[in-house]
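In this document, chain identifiers A, B, C and D correspond to the written order of the chains, with residue numbering beginning at 1 in each.
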Amino acid sequence: MWLRASCLLEFDFPVATPFLLMLRPRSGTQQWIAREEYLLSPSVPAVEFTDPFGNLCQRLVGPSGPFSIRTTADIESAEESDAAPGAPFVEVQDLPDSTLPFLLPSRYCESDRFAEMASKIVAGHWAGYDQCQAIVDYIRTTIQYAPGAGQQIISACEVNENSQAVCRDMAHLGIALCRALSIPARMVVGYLATLQPMDLHAWFEAYVGGRWYTFDPTQQSLHGGRVAIAYGRDAADVAVYTQFGDPVELLRMEVRVEQLTSPPA
Amino acid sequence: MWLRASCLLEFDFPVATPFLLMLRPRSGTQQWIAREEYLLSPSVPAVEFTDPFGNLCQRLVGPSGPFSIRTTADIESAEESDAAPGAPFVEVQDLPDSTLPFLLPSRYCESDRFAEMASKIVAGHWAGYDQCQAIVDYIRTTIQYAPGAGQQIISACEVNENSQAVCRDMAHLGIALCRALSIPARMVVGYLATLQPMDLHAWFEAYVGGRWYTFDPTQQSLHGGRVAIAYGRDAADVAVYTQFGDPVELLRMEVRVEQLTSPPA
Amino acid sequence: MWLRASCLLEFDFPVATPFLLMLRPRSGTQQWIAREEYLLSPSVPAVEFTDPFGNLCQRLVGPSGPFSIRTTADIESAEESDAAPGAPFVEVQDLPDSTLPFLLPSRYCESDRFAEMASKIVAGHWAGYDQCQAIVDYIRTTIQYAPGAGQQIISACEVNENSQAVCRDMAHLGIALCRALSIPARMVVGYLATLQPMDLHAWFEAYVGGRWYTFDPTQQSLHGGRVAIAYGRDAADVAVYTQFGDPVELLRMEVRVEQLTSPPA
Amino acid sequence: MWLRASCLLEFDFPVATPFLLMLRPRSGTQQWIAREEYLLSPSVPAVEFTDPFGNLCQRLVGPSGPFSIRTTADIESAEESDAAPGAPFVEVQDLPDSTLPFLLPSRYCESDRFAEMASKIVAGHWAGYDQCQAIVDYIRTTIQYAPGAGQQIISACEVNENSQAVCRDMAHLGIALCRALSIPARMVVGYLATLQPMDLHAWFEAYVGGRWYTFDPTQQSLHGGRVAIAYGRDAADVAVYTQFGDPVELLRMEVRVEQLTSPPA
C-alpha cells in the first residue's frame, strides 16, 4: 500500500527557540520511504543525528516570528501488520541484548507495579503473543478510546484509573503490562492510514517469537497502513517535537494520510 | 588515589532466575581499573553486553539454591572531583548530540514540572555551573540526607515533598532541576571512598562549560575517591541488578571501599 | 546554495541479485536534505540500516531483468567549504575517540608506508591544517587529475607511482599522507556542483583544530556546493553500490547536479 | 576450562609516546572474564573507549624512559570451539546488518580478487560451513604454518604466493576466500591455550547457519581454550598496540597461558 503522509506544525516564536524534532521516518522492515520532504519556512540551518533508539532527529533554532515545519513522505507500507497467534514467549536469557532496555520500567510505564494485574489478565493464555493479545483485548474492552481527550501525558498507573484514554495512554498501559510479564515492549509513534479523525498515532510493539510484533489497543482489528516515525521506551522518548526555553504555543498542527493509487515514479 | 572497592550480593533462589547486572566499572576519564574480579558462586555461564549508555552489563541465569556474586576492583580514582565555578551554560543548539537524551524528562525525573522551582532556586546565579551548584546547595540545605531511609525508588516530584531522602532521591531532584533549565544531567551509581555508612552511592553529573561535572547533594564538599559503575537517565537505567520472574529476596549485600597504600603491582 | 542532485543506475540482471547501496545523503552540519526520492523500478522490497560510519545503507534483491535505481535530492549546501589555515594539529592523546579509526592504515591507504614522504612534503609547514594543505598542493601539482581514467580501485602506494589519477585515487593518497602524520583522515563520496564532467565525486576530510575540514586535491580552490553521501576509511567502505553473486554489468549511470534558484517550497 | 592468560610488553621510549592498546578481553558468549589485571609501570593516566567493532581500547601516553604494560586475565573458556558441519550458507539478503561490513574487501583481505580461486576450492561442498572447512583444509595443506616467520603484515594476495605463513597471514587468506563466496568473515586476535610456541594467536570466524563459528587454519583440529581479545576486519583493526610518532622498539613481549585447576575464588 502506497501512502502519502504529511505533518504540518506552525508556531509564532516571541524569541529564537531551540528545537529537537523527530519527523523523518526511516525505511525499515515494514516500510520503504520512496520520497520525502522536510521544509522549514523560513529556511534555517538544521542538523540531524541518530538517537540511541535509532531515530533520525533534527535540531534547529526556530527564529523569532512565524515558523512552520512541513514534512511529507511517500511510503510503501505493509497492507497488513504481521500477526502471529501462538508465537512463543522468549525466555529472558534468550532475548537479544538490544531488547533488554525495553524490559525496564520507564517514565510512563511503571511496569514494576503491574505484575499482579498482568497475571490476572493473561491467565489461561499461552505465554507469548497470545498474552499480548489478551492485554490488548483487555485494554480495548475496559478503556474507551477517546481521541483528543488527553492533553497531558499520563503514565500507565494513571491511565489504569481512567475509563477513557487516547492512543498514547493505551499504548503506555499495554507496554507496562507486557513488561510486567518479562515481554519487551516499546512505543511507536507514526501514521495510521485509516485513523478517524486523522492525527498522529501511537501504538506499541512487543517482542515474542523472535521478533517485534505490532499491537494497537485502539483498533478492533490490526489494520496495516502504518508508518513508524519514532521508537522509544515510552512517550518521553518519542516526542515529535521538543522545544527548549519558555513554552511556546503550537498554533496549528495538521496531519494527513492519503492512499496513492500507484507507486511514485 | 588507589581504591579497592567490592560488592557482595547473596541470594537463595527457589527457582532458576534470569538476572541482569551492572557491576563492572569501566576505565574512563576519571578512573582507571587496574584489576578486577567478578566471581559467581556457584560458577554459571554469563555473557556481557554494552547498553545504550555505554555500561557493561552482565546476563546470567542464577541457579536454584544459594547464589552469590562478588565483584572487586582496584581503581585509581581522582583525589578531587573537578569543579569549575563560572563554567558557562551551553546553549541547547551547541550541545553535543550525545547529551540530548539527558535533557528529556525520564522515569524518576519529571523535569517538565520543575521550571518554576528551578528558576527561583538559581535566581541571581550565572547560567551554567553556578546554577547547578545553587541547586545542590538548595537540596542539601532543604532535604536531610538520611542514608538507608528509602527502599522504594521515588521520583523527583515525590522527593520534593519529603524532608529527608537517600542519595538516589537527592540525585533525582538535582537532575530534574538541571534539566528544567536545559542543562543536561545524568545519574551515576558507584562507590565513594569516604561514605559513612559504606554502601553503594548515587550522585549526578551536569553538562556545563563543554564537559560533564560531578555534583553530589549528599556531601558538604565535593570529595574525590569516586568510582562510577553505571550511567543513565535515572535510577531506572542503572540498577546494579535486575531480576526477572517472581521477586526474590536479597539475603545480604555488602559494600566495601578501602584505600590502597600503593598501586597494584 | 540549493542543489538538486540525482543519480541513476540501470542494470539488467540475469538472476535475482542481492544489493547493498549507499545513496541516501543525510542531513548534517554542512548540508540539509529538504527533499529526496529513492525510486526502484520495478518496485521491490528494500530495507535500510546504519553502518558503523553512520551512513544510511539500503538492502534489496534486484529482480532478474531490467532494474533501475534513481535517487534525487534537494539539498541546501554551504556556498563555501570551511577552510582554516593555521588550525593546529591535535595531539593524538587529545583526539576524540571517534576519530581514532581514521588514523589506522586501511585497504587503500597504507599510511604506515608514507612516513618519510609525508615528512618531506610538509617540511616547514605548521603542524595541522597547513600540513594538509601542503599535501593537497603536492598531489595537485604532481599528479594529473584525469577523470574517468581509472576503473579499478588502486591504493595510495599504487597511485603514488602514477602520473595521473581519478578523484578517488587522489583522495587515497591524501588520506594516507595525513594519517602518516597522525592526522585523522577519512574518505567522502558525494556530489560536487561544479564538477566537469559531472560524475560522482570523492574527496577527503582531515581532523585538525578540533573538527573535520574538507580537502579536495582535484580542485584548484576549495569549491562549496558539496553533498556528502557516505563517509568511510577509504573506497572500500563507501561504494555507492555493492553487488553480491556473479558480477553484473552496470548498463548506465547518470549523475546530475543542478543549482536551484529558490528553496523547495 | 579455566585459563590464566597474560601479556607483557616492555618499551624504552626516547620521548613521550601516545599509544592505543587492545589488551582487555571482554566477556562474551564463549568466554567469561572472572578476574583481570592491567598494570602500567610506571603508572600513567589511561582512558578506555569502545571501538566500532566493540573492542575495549585503552589510550595513554607512554612516558619517556622504560615503560611496561602487563595484563593478566583468568578466563573460563569453552573446552571445545563449536563446530557445525552442514550448517547452511545464509543468503546475503538474510544476513544481519551487523555482519555486512565483514563481506567487504579490507586492507589485508582483497576478497574481490579471490572469486575464482574460492570457487575451485569449495567445488563439491555444501554451501556454508562445509565450504569454510574446505577453505581451512586447503590453506592448512597448501601453506606451511611457520610461527615467527613473518614480521611485516602481508595481505591475502601476498600470502597466496608464499609457501609458508604465520597465523595472521593464514587467517587473512581464509577471510578473503570466505568473503569471495559472500560468507561474512572476521579476524580474531587472542590467546590459544595449547599453542606451541606460546604467543598471541590469530584465527578467523565465519558467519554460517545463523551465527559466527571459529576456524583456525593453523590447527589440525579445532582446539578450544581460546580467548578472544579483539575482533576486526583484518589485522589493521586489531593491533594489540598501535604507537604514534617516531617508531619505538618493542624490547620484550611475553605471552603466557596456563590452565587453572580450579575456578578463581
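We take it that a residue touches a chain if its C-beta (ideal position, glycine included) is under 8 Å from a C-beta of that chain, and two chains touch if they have at least 3 such contacts.
Since the structure is predicted, the reported quantities are computational estimates derived from the model, not experimental observations.
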| item | value |
| --- | --- |
| Contacts common to subunit A and subunit B (chain labels) | none |
| Chain pair equivalent in interface to A-B, over half of contacts matched, among A-C, C-D or B-D | C-D |
| Length of the line joining the C-alpha centres of subunit C and subunit D, rounded to whole Å | 30 |
| Distance between chain centroids, defined by C-alpha means - subunit B, subunit C (Å) | 42 |
| Distance between chain centroids, defined by C-alpha means - subunit B, subunit D (Å) | 36 |
| Touching chain combinations (by label order) | A-B, A-C, B-D, C-D |
| Residue numbers on subunit B that touch subunit D, as the complex places them | 26-29, 32-41, 43, 45-48, 50, 54, 56, 58, 76, 263-265 |
| Interfacial residue positions of subunit D with respect to subunit C in the complex | 18, 20, 49, 51-53, 57, 59-61, 91-93, 97, 100-101, 103-107, 110, 182, 236-237, 239, 242, 244-245 |
